[in-house]
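Just below sit the structures, each encoded as structure tokens.
In the two complexes that follow, subunit A is the common piece, with subunit B as its partner first and subunit C second.
For the complex of A and B:
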């Protein structure tokens, strides 16, 4: 059971590595943590379209937020 | 990591928000709220869950960025990923990565490019009027299009729903306060709203327990309501009829309806014969109206399609009908092209998913604008189809032509294009007909009809006719007649005249015009080129035909021969013939033999100027014996005949010849009267001196002379009238017309007119039957008078010779010295003389009766003449009664003369 869980963990890690590599290739700009969150969300059946749009909007929002902060400071 | 599945999506989302923005949970509350909203409202994916497709797209994307090596690397990694069984939704992750993918060299994704594509594609489709000829295979092509579209339909339909929702939602939320269209808010049915809210709440329930939700409930709740209400939370299952339909779904539906396929919400209603929105579908009024207006396009399309489908395989519909169908197909093909552009736009939109902004997406309003022109075109086509129902051939062309008379230049161009296609076969028929004389009209579409049962001898008159209904309205009646005549002339030359001149030689114009490429232009230039061509062909062909008839077939000579022989124009010949025939014709008709008479005819020809006539004409001259009725003499049955055959028989038809024979009979009879009267006069002159010795006869003879001169006067006037006022005048008219004739029909009609005048003026038509009867009676009186006078002379001469004998005998005896006469002889002589003298009053009374009767008839005749409507006949009556001799005797004549004069003066 423990070895099974271990193997599972390995497989998960490998998968995440592969996905990170792909993400890098595609220049998505996601780091390991956000990627893993996204993968989890996807695994729960979230619409990837919606998710991607959310991420884009979040980025835009933070960019504009930073910009406004820069201008104010 | 191990607890991959344990956290709820909201928690994950919140941490994602923190991670990306780099802020604390509290700071990202607003963003989180937004994220929940978006994710929650788009639960079902809008694309197909196909890992392979997504991976292919990624590779394509890499290749597009010119990173082929990376593409290979990716496929390696993807293969590795596939071997790991950890992820359940591999495609989903990959898709996410792909959506987040950014080309380092191209910072901004494409925007509104489809709008631009449409802007280009649409005008071209809207007024493309192709001049190339497409055959119905375009139909098969469009079927294919439609088939593939149909195959993609189920997946497409289920996936469209969210697209526009996401795109517009993103925009609205970005813009801060949501600028929801008023119409959407107003038209929102409350039931749909609660339903959507319910589903939304169901989704949010687990969230309620999480701390993040508790963190910002006041800010989360208020916007949730309106958003859920307005933008329509997409129904979880597409079959749910009570949920509101989004515009995207409607667009998809409409695109199918455009092709005549029932959509999901919009269906063909058979009872009302129109596309109707499903009444159960929840939809605001403006969208419902708009889609109703758009659906009209589908109805129009169906109408046109139904017509072409029904007709294109119907061979009996004919060439014109087929080309009409072909032109409709061509228009439909243009329409399908537009639809396919729309479809690809929709497809791209789906593939792009959220990436597209609202400016470039398909909306009903946009469709309404884009399909405006095609709709006008389809409307025109549908109207045409309605109008052309049940028509074919030239009639169809007329119908199309009638639609071309519109002020709308676009519509006119469309109709004219169709008309040019439709009239193409007609023009082909026409050119074949006027240049080659061939009629290949299997389906009876051309306006010239041919009757195959007519033999060649009636070819000109009966074989070809105009089908009035098939004359296209752009060809005038006059032109149609000319066209008919041209082809008829060519056929006549070929079949009757056995003229084998190639058609090109007859009409020099035909070579240049044998190229029919300018058929379409010809239609619009009717005044000029087309008319000119028809006229030229008409002129050349007719002239050639007349030349052929005049030269080898001697038409004019034959006409003259008719006048000379059948209308007694050749005086010396007729007179001589009568001289020769007189002994023969005096016999009973039953004892006449045609060969004897033919011999006499030949003698007469040889002895007179007729011998110098053309042998061709003399050959045709013959004797004919009419039907013999008991008691008739040779005079009654004798007739000259003229044989006509070949092309000449077209002018001298059987009816014409029978009229000629009737005229001949009448003229022959009149001539015989003249001849008889000459004999009577001769007798009188010869016998006058002889009978001077018999003074008791002088009264009778005087009576004879008076009657004879009355008759001579009458017959002279009649002959004058017939010769100069009837024959010569009509002949002069005929000759002028024949000289100016442009085609054979002119000659034929002039000839008909000639014969008609002769018939009516010679009292041979039905109107003047009473006059003719009177004239016959007069003629009979002349004959009777002749026999009476003959009898008188015979007995008188006999008496005279007896008396001379008696005197001679007496003188001889006296010379011999005997008694001249014995008492016996004297008594005998006296008795004979007494007897003869007794017969004189009898003769006298007979003559008196004859005279009385004759005068009665003449007076009757004059009365009829006076009341005749024909002016020349009234003038004849003045001539006949120039000294008012008859008027003095006949009170009726006086009265009618008076009224006639009175009428005339009142007219003046």
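For the complex of A and C:
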């Protein structure tokens, strides 16, 4: 029973590693933490294209936050 | 913590990681305020697709836009070969073969294809 759970955990980890490397090769800018959140959102049925819009929007917002931070220094 | 609301909140937190909040607080913008504003933008982006005519097809058109995500990754791989990045193309195809078929893996792959090339290129090393 426990070995079945371990095998399942290993499979999940391997899939995450593969997805992370594909993500790097495609230059998506997602780190492991963001990618694992995205995987869980996709599992919840969120449309991948809509999710890509969310990520791009969040990047724009955080870029402008960081830019204004730099201009005040 | 697997509800969509909590996961979107976590995604917002990831995107403001590294911002200095001590200095921000002096300017009147708290971390909580920024988080709220980010969440509003995230939901705006997520929901806008629902009300845009033809949103289910997405902004791109043509056969490439409607191809299954695996085929689109193979198209990227082809582009990499044409650009002279043979090793990266081969690795991409190898990884694609190692990915389980169907389920959420294909949905994540589609997300990655939509985000392909959206990050700043890595700094050149000498």
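Assume the second predicted complex is superposed on the first by the 73 of 73 C-alpha atoms of A that agree within 3 Å, B and C clash if a C-alpha of one lies under 4 Å from a C-alpha of the other, contacts with A are read in each partner's own complex, and residues count from 1 in each chain.
Keep this in mind: contacts are C-beta pairs under 8 Å (C-beta built on N, C-alpha and C of every residue); 3 or more make two chains touch, one makes a residue touch a chain.
Just so it is clear, the structure is predicted and the values come from calculations on it, not from any experiment.
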So, does A:9 touch the first partner subunit B, the second partner subunit C, both, or neither? first
Which partner chains sit in contact with A:48 here, subunit B, subunit C, both or neither? Use first/second/both/neither. both
After superposition on the shared chain, which partner residues are touched by A:28: those of subunit B (first), subunit C (second), both, or neither? both
Scan A:19 for contacts with subunit B and subunit C and give back first, second, both or neither. both
Give one of first, second, both or neither to describe whether A:58 is in contact with subunit B, with subunit C, with both, or with none. both
Please report the subunit A residues shared by its interface with subunit B and its interface with subunit C. 11, 14-15, 18-19, 21-23, 25-31, 33-34, 37-44, 46-59, 61-62, 65
Could you pull out which subunit C residues touch subunit A in their complex? 2-4, 7-8, 10-12, 14-16, 18-20, 23-24, 27, 34, 37-38, 41-42, 44-46, 48-49, 58, 73, 76, 88, 91-92, 95-96, 98-100, 104-105, 107-122
In the complex, go through subunit B and note every residue touching subunit A. 1-2, 4-5, 7, 9, 12-13, 15-17, 19-23, 31, 34-35, 38-39, 41-47, 58, 61-62, 67, 70, 73-74, 77-78, 80-81, 84-89, 92-104, 162, 166, 170, 174, 353-354
Where on subunit A does subunit B make contact in their complex? 5, 8-9, 11-16, 18-19, 21-23, 25-31, 33-34, 36-59, 61-62, 65
Quick one: in the complex, what on subunit A touches subunit C? 11, 14-15, 18-19, 21-23, 25-31, 33-35, 37-44, 46-59, 61-62, 65-66, 69, 72-73
